[in-house]
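What follows is a pair of complexes built around chain A, which joins chain B in one and chain C in the other.
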Partner chain A sequence: MLEIRNLTKSYGDILALDRFSLDLGKGEVLGLLGPNGAGKTTLISILAGTLADFSGTVTFQGRNLFADRALKNRLGIVPQDMAFYDELSAMDNLLFWGGLYDVPRAELKRRAAELLERVELAGRAKEPVKKFSGGMKRRLNTAIGLLHHPDLLLLDEPTVGIDVQAKVSILDIIRNAGASGTAVIFTTHQLAEVETTCSRIAIMDHGRILAQGTLDELVRIVGERDIVEITGEFAAGPFSEALQDIAGDGIELLSVADNLASLAVAATEQIPRIMDRLFRRKLAVTDLKIKSPNLETVFLKLTGRSLRD
Partner chain B sequence: MRRLLLVLANDVRRHLKAPMAILIFMVIPLGMTGLIGVIFAPQTEGSELPPISVLLVDNDKGLASKLLVGAFDVDQMKEMFQVTVTDEADGRKRMGRGKASAMVVIPEGFTLDLLDAKPVTLLVVKNPSEQFLPDVVEEFMNTMAVMLSGVVQAFAEEVRGIRAMLDRPVESFPWDKLGPEFGKAQKKVVAARTYLDPLILRLKAEETKAAGARTSFTQADLFSAVLPGMAVMFLLFIVQTLMRDIISEREDGKLRRMLTTPLRPIELIGARIAGGWVMGIAVLLVMVAAGTLIFRATWGPLGGFLLLGAVASFWAAAFFALLHALVRNRNQSGAFSAPIILAFSLFGGSMMNLEAMPKAFRTVGILTPNRWFIDGAALLRDGRFPFVPILILAGSGILLLALAVPALRRRTSV
Partner chain C sequence: MTMRRAKRILHVAGNDLRIMVGDKAFFFWTLAFPIFFIVMFGLLYKSGENAPAVAELTVVNLDEGRWGGYFVEKIKAPNLTIKTADAEPAEYSRLLVLPADFSARIEARRDQALAFKKRSGASVKAAARVETRLYQSIARVISELVLYGEGDLTKFLDGHPEFRDIVRVESRFPEKTVTVVPSGFDHSIPGTTIQFIMMMVIIYGGVTVLEDRKKGVLARMLFSPLSTADVFQAKLLGRWSLGFLQALMLIVVGKIFFGLNLGSLPLALLVIAVFALAMAALSVFIGSLCTKEDMIIGLAVLLANMFAGLGGCWWPNEIVPPAVRRVAMISPAHWAMDALHKLRFFQGGFADILPNLGVLLALSVVLAVVAGRAFKIRD
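Up next, the complex of A and B:
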């Protein structure tokens, strides 16, 4: 239903999207994971039609997304900014923003009331939005994108900086949308969200997708190895040098930063060898954790960065 | 079109929900007008103002001129005016030294011309360094002119008889009875003017330093003269506030969100400009109503005033649309708007009586909407249709719109 081919966008010298390609089917919920600056917002903005000067093509329901104005009615966007009118009530906001799409007025009112119920704002529908908490505003921001029952829903960091209740409510909406046949792309840098919400996960950095698949498929990238996380007093350079000659021999450096490094090892028996090298170089280790592979380690392996960067 | 109206209706609803800015901008001009009124308005009773010093030159020395001179001598008038009777040469000398607020010159042959129903002109020389006192004198003389013209026309038959009594003393005219009611009667008399047109007795105003320069002359009372200037100044402020949405929504992401919907940029631009225009008109109407209720201000025919207000509001909407297409952010909008509006108001006569301003100011004033609105309002009160002000405001407004729309389109598209 959605085919993105070789989207490339640069801001001056910064390459924000680098030949980005992706396919998405009806009802699929894709979690787009990426650290800050990966290009997530740039991608969503291009698809939403609010960013120009890029190359590549996007086909949506068999038509060029950017040439066919009628397609805007099939597209739902939930921007990263909370863009609505603070001085108006939640209901008035829904009726205004929903009214910009081609939905009959009576139907719009019905859907607005129903959505307010679903995001648990029905009791405060008539209050000015400026009295809302951050979480309530996020829920409203999300609801606005759904009024016209889009075929493709794009959400940019819909759960950033909110309480658990609001997060659960928003993830619920995303799952529901997928279940009712809407294709969804939502960006996040929270692993737990994609693990529970998405039918497919894509990990992106530097403007391109590094890997994608189901959770299981992605975890297999790291393989049946254990993850060793080492904390200590060392700089990244000497640490990498110390392990240079044994790396590859069942040991893989996933990410190395000052005072913190992650390695994948085929077996825990290799840990003493690692410690031996570090002691010989007088690199002090203060803590060592052994984990089984998960999305986080996949992310670490692919991007060399932790999501919390 | 449906979406344009939706945005327009939503903008109106929003500004009604958060009306503080608009309310403040409506209360300030009314308050300022009231203040000016308290300070400068002529008061017939319990006046705390010093008497206005007037020089009276009687070149006629006939019955009618004596009536006029006598009118200044009635008790009630004495509280208001301190009259010095002198000759024209001495009067001009004194005015030159700023010794009086105004000089009234009654021309030679005044009485006879008046009785023959020939047009005659009274000259009121005003001191340009004073703002409102000379206007009061002019106002008073205007009232007298209208009254005398009315009397002469209404009693055309009797006038012939009056000619026979040319030498009766002025004292026999019952001024004492006229005096106390004079204030109330004044407005009615002035209102009667439209029915007396053309006036037999005309007034000519001039200023000492700008001798020979014709000055525009308003006949309505102080509030009516001050209020339009205030109204247009704050109309500019209010429309500016409304049009600021253009830039603030670009900054807070609402514009971007709108562009993801089927709303076309041109529909949004249209809605914003139409919204500023419509709300500007509404605000003017409220100010007219308030001005009428509070100050008993007069505006001339309401339809004409509405048309003038509509073109002024249109001008303001187009101007601030253009401004907001050019500025980069909210801060710049604020930094440019306020000084521009204040400059418009200063040079255009919203803050000072145009007649009290240097000539250079008045020339610059031609470039301001304030000047044309104030002129238009004066013409309307004068019973004339303000063709030129309306044409100028509408024409320059259309020009501004023609510049604003493409500029906004460039900044509204992705």
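Up next, the complex of A and C:
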């Protein structure tokens, strides 16, 4: 349904997308994980048609996405901004935004009412949106992108800064969209969200996909090793130096920052060796956790930094 | 342009208009506040009264011959009521006294003086109308005397009624002379309308362009089949509708409460429509350029007041020195007000306001091109 080939976009000297390629099929829900500055929003903006001056091709339903404006009728986009009219009611917002697409008026009204039910805003459909909480606005923002039954739905961090109830509601919408055959690309910082919502996960950084697959496929990248997470009062440099001579011997330093480091170990028996090296260098350890490999570990391994970076 | 595209543009423009009109302060700024200006300037430039429809003339005919009565008959006119009196009455508006030797002097072909008096406080314009009629009558009688020579004119006319009134003396003002003095409201309503179109369209139109851009609303529109050019056209149309709607409201209020007369209403609306288009383009330009709401409001107030004062919205530019009138040409308001004055005060038609329409249209095109280039979806 969607084929992205060698999409490249620069902002001056900064390469935001670097020959980015991706395929997406009908009903697939792809979670696009990446730290800030990875290029997620740039990708969504290019697909949405609000960014120019890039190279590469995007084919949607067999046609050039950027050459055929009518294709926009099949595309639903939920931006990171709460981009709607605060002065209007939720219902009026839906009718306005839906009116930009080729949806018959009666069908649009029916669809707007149905979506308001689904995002649990039906009871406040006629209130001005400016009276809504952040979570309610975020749900409305999402509903607007779904009004015209798109075949491809792009969501740019749709769960940022909202309460649990709103988050659950939005993730439900995404799952339902996928189940009804809509292909979805959804960018986020939240590992748990993609773990529970997406049929496929792609990890991107520096404008490229570093790895993609199902959760199980990605976890296998780290292998059958335990993850040791060490917290303490140390700087990244001395920590790396302390483990320099034992790294590679069944111990892999996944990431290290001041006060926090992650290592993959072939066996937990190697942990005393690690602690010994740290104590000799007088590096204070305040906490140590042993975890099974998960998506976060994969992310750390691939990007060398956590999603918080 | 396809039907669907036009429909989408209208959809966005209509929504913009709805949001701007829906603002709780909208009616204060676009109706209540301008009405205050209208009343203030309307009363300030209140004209003296216009001449009454029928002017009254009291004639004291002391003539001992036949010519006095003949002359009074000649004075009669549909817009003149003649009262006769035997002596000068205590109360009158205008008084004509025909002396006892009126006929004798005519027959002797001697000149004579007639006393025409106006009560202080009586309409000057009605007096002027009566005076004009008197001159016409005198001219007719003299012409008849010349035509029929020395003979007995009265007898001649009795036998030949078809020759009566054979001389017609007409008086009229030179073309484009102000014959009916407009009310102060006929100036203040168009003036205030033009001023507030500038102010409100730039403020509301500019601020909403800025807000839409900052909130990502403009960018979201591009997710739909709308192009940037479509969004720009929709913004232009929305702001034009705002200006035109405001003008319509003030004109309706002006007609109902202040007896507004614009001369030719369709042509006046055409002038206002083209002017509103120029202001719509200016508002999109300013909204695209400014990054803060305060900047737009400050700029709008400054430009609107400067253009209004210079352009003749506050006082008729016909009364300012020629040098100031020349400078006023830099104000878009000047071209609109000048056209509206031509229509109302100088009985102008389409041909008379064509240069004004041309300038305003050219200005609209230039501003639209500049605004189109400055228009941006995101900061």
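For this structure, a couple of remarks:
Please note the rule applied: the second predicted complex is superposed on the first by the 309 of 309 C-alpha atoms of A that agree within 3 Å, B and C clash if a C-alpha of one lies under 4 Å from a C-alpha of the other, contacts with A are read in each partner's own complex, and residues count from 1 in each chain.
We take it that contacts are C-beta pairs under 8 Å (C-beta built on N, C-alpha and C of every residue); 3 or more make two chains touch, one makes a residue touch a chain.
Computed from a predicted structure; not experimentally measured.
With chain A as the common reference, the superposed partners chain B and chain C clash.
By the touch criterion defined above, A:Gly213 lies against neither chain B nor chain C after alignment on the C-alpha atoms of chain A. Once the two complexes are laid over each other on the shared chain, residue contacts for A:Trp97 go to chain B and to chain C alike. Once the two complexes are laid over each other on the shared chain, residue contacts for A:Gly304 go to neither chain B nor chain C.
Residue contacts after overlaying the shared chain place A:Gly37 against neither chain B nor chain C. Residue contacts after overlaying the shared chain place A:Asp81 against chain B and chain C alike.
Contacts of A:Gly250 after superposition on the shared chain: neither chain B nor chain C is touched. Look at A:Gly56: by the touch rule set out above, it reaches neither chain B nor chain C. Put simply, chain A uses residues 48-50, 69-70, 72-73, 75, 77, 79, 81-85, 87-88, 96-97, 99-102 to touch chain B in one complex and chain C in the other.
Only residues 3, 6, 10, 13-14, 17-18, 252-254, 256-263, 413-414 of chain B touch chain A when the two sit together in their complex.
Residues of chain A touching chain B in their complex: 45, 48-52, 69-70, 72-73, 75, 77, 79-85, 87-88, 92, 96-97, 99-102, 128.
Contact residues on chain A toward chain C in their complex (touch as defined above): 48-50, 69-70, 72-73, 75-77, 79, 81-85, 87-88, 96-97, 99-102, 144-145.
Taken in their complex, chain C has these residues touching chain A: 4, 8, 11-12, 15, 19, 22-23, 215-217, 219-227, 377-378.
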